[in-house]
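Lettered A, B and C in written order, each chain numbered from 1.
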Amino acid sequence: MKCVSIKNLSYAYIKDRPVIKDLSLDINKGEYVSLVGHNGCGKSTLAKLLVGLLIPSEGTIEICDLELNNKNLNEIRKKVAIVFQNPDNQFIGATVEDDIAFSLENMCVPREKMLSLVPEYAKKVGMEQFLTKEPGYLSGGQKQRVAIADALIRNPEILILDEATSMLDPAGKQDILNLVKKMRVENPNLTIISITHDINEAYDSDRIILMHEGVNVLSCTPSELFEKTGIISKYNLDLPFIIELKTKIKELGIDVKDSDSYEEIGEKLCKLK
Amino acid sequence: MQIKISNLSYTYLAKTPNEVEALHNVSLDIPEGKITSIIGHTGSGKSTLIQTLNGLLLPTSGEVRVGEYVVTNKKKKNKKIKELRKSLAIVFQFPEYQLFEETVEKDVAFGLKNYGYKEVEAIKLAHKALEEVGIDKSFYKRSPFELSGGEKRRVAIAGIIALNPDILVLDEPTAGLDPKGSKIILNLINKFNKEGKTIILVTHDMNIVLNYSDHVIVMNDGKVAFEGIPSDLFSGDISTYSIDVPELFKFVKLLESKGIKLDISKIRTIDDLISQLKEKR
Amino acid sequence: MNNLTFGRFSPYNTFIHKLDPRNKIFLMIVLFVCVFLKVTVWSSILIMSGVLFLFLISVMLLSKVSLLSLLKSLGAMWILFLFLLVIYMFVPNPAYDKTHVAFTINNYPVYYDAFIQWGYIVIRLVMMLMVTMILTSTTKPMDLTYGLEWYLTPLKIVKFPAHIVAMTLSIALRFIPTLIDETNRIIKAQSSRGVDFNHGGIFKRFRAIFALIIPLFVSAITRSEELSDAMEARGYDPYAKRSRYRKLTFHLCDLVALLTILLVFGAILTLVIYNNHFVTVDIIYWISGVKPII
């Protein structure tokens, strides 16, 4: 079932210099898609278009069979949640609980309901002990967890992560990735669109969409992408370590194609000795 | 120039109920002419440590010696701090946020003018620095705010390099850049080192530590937890410092446990490993 | 920047801390009125100031506001007090009792009245400071905003955007610590480029300030853009109806505080109304011959 359907989308901040050029793309319900590509390739612009922060210059976006336009905007914003890059600049409330409640307030949810929902979702992201804390006392990773709690509390169909881990330290990053994994298990119907530079992060997704200069150059599963060495070097992509290792070991004349862990690869290397 | 840190301690908000000891009795020698990485989790004291190196923070006790300069808690002794900051320059995290002049060349020349260079000479040196970081001539007269993230960062680095410091300290130089942008910055750092500058990197990226640095210092709870070469660090047990082992070393360790003998000190990249494996066959 | 202790919220949980911010704002205004009520008889002035002062000191003790920080902020205000003293001494006031000259400077007479008037204004300023300090040290800035919003709500009838003002204010408060951090970071970064923020001539310092202000502005603008995106994406519409997570409640303790302060207010009001009838013989006037002029 289609969840996002983009047809011939174009967008330009400055006239005649489009950032997105005639892009068409479908994303299915429950799919976990990674959008990769260099800075300036139009990924973040696409994210902003999907949540209606920008209005397409040309083309259409349909979200859950609803066309994104000014009339449907409020309806669509209830279905799409986004977590941005900078943890500080999306923390609106004075404390963790106020911030988690912010979306609910906007949706006019009655207070009694908020009082039960806020702690529940704080718990989901492991922030239940920090409800009354102010952002100054939280780490970047914790602030992003709060942002995710606020995103989930609206019960969206689609969650967009716009480089949500790129400003975090390794511990914070791992934290968020684990949380995303947990979310997928708990709610398999949630569509996740993750914009990322980290190829190891993209490795876990169902599908990778490679963008370059405003168009989607490629859309395939991670393992399919990593076999296309031409594309990898053309677009200067990194490879996950294990893939790089397998390619290099193949050059030694050892077949490790079906080995998916260090253990298996190690075994094969030993056997040859 | 040599850096010698002896018995350095630093306490934030000293003598208040909120005081935090960020550095505790740290003694270190940072080798000249090499790339040294300082690692450790957030709050381990690494940022505090680099800020004491050029007197942005004055030690609570102990001292830092950089060549002939000394940084201590005695104000009188710290007169030459401005000169020290020229010899030991720090590029902070997200340095593009410190750009402010109306053109790229003026921004790079700004530091030079603070050190008394005349306009013409400062601009000339700025051009040289911009050339070094690979910024095209057509950008010189443009506003720094028109550039892309990676370019801005290179301009900011040029502003520091123009001062011609002997020691260059960089705090998370690749944070927030895409793989291509990161590679450009790292190659630059390598180049500066080849030209004879001592480099100190603060980073969370263990692959940078492994691939680029000669020497590594691990900070943990305000103390030095490890000092030595990267391969020694990663082949040992480092679970207590909450540092990630690079994937390469996870694999190397596995091979060792399976009885494959490798010369670990020479392994920095996959290619190093592969060539050692090749020799075995 | 770091020794800015005046009126910072101190996280205790006293009786005063628990009061409804709306109530606290109201009571603050009542106390301000008390401080500046006009009495013209010396004994009334003394009684009134004494009662108020003791009352405020006890409230301060009750709310665990440190007297030391009061003294510190008074210390920081010495220039203001000195300035006032000079004004009272040298600006001619027809109401001064011209018969009591303290001394003359270059044949310019300085009257005793000037000092007395100065003392009176200083006491009132100190008391005002105390009231403000009690309010801000026992109320989170955010709660103050909620309280303020409640007072502004009736203005919605005349299309005054009370909740927008409150939202703006709360976001400003939320970002103060972030911007202070940012400032410190830029200072350090520019110091590493040889900027000296503490020494040098005016021109040099002016340049130094530029190197701080421009990056700070650029980053503040970026932040505000990102913030407005985040707010919009999370469904915020300033003109739409919103529900509220925070609810202010008027407790029993609020009633107690309200009654206490109204009692004080009533007492002082009585004093003011019966000012001249009440106390027929003004002791101080009788002894010193100085008549208060307010």
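Here is the rule we go by: a residue touches a chain if its C-beta (ideal position, glycine included) is under 8 Å from a C-beta of that chain, and two chains touch if they have at least 3 such contacts.
Predicted model, so just to flag it, every value in this text is computed and none were measured.
Interface comparison, A-C versus A-B: the higher count of C-beta contacts falls to A-C.
Comparing the centres of all chains, each the average of its CA atoms, the largest separation from chain B belongs to C.
One simple way to say how far apart two chains are is to compare their mean CA positions; for chain A and chain C this gives 47 Å. Here the spacing of chain A and chain B, counted between their Cα centres, is 31 Å. Contacts from chain B toward chain C in the complex involve residues 51, 54, 56, 82, 85-86, 89-92, 95, 97-100, 110-111, 114-115, 145, 159-160, 163.
By the touch criterion stated above, chain B contacts chain A in their complex at residues 41-42, 148-150, 175-181, 204, 242, 244, 247-248, 250-251, 254-255, 258-260, 270-271, 274, 277-278, 280-281.
Chain contact summary for the complex, chain A toward chain C: residues 48, 51-53, 74, 77-78, 81-82, 84, 86, 88-95, 97-98, 101-111, 114-115, 118, 135-136, 150, 154. Residues 140-142, 170-171, 173-174, 177-178, 222-223, 226-227, 229-237, 240-247 of chain C touch chain A in their complex. Put simply, chain A touches chain B in their complex at residues 38-40, 139, 166-167, 169-172, 197, 199, 236-238, 241-242, 244-245, 248-249, 251-252, 262-263, 265-267, 269-270, 272-273.
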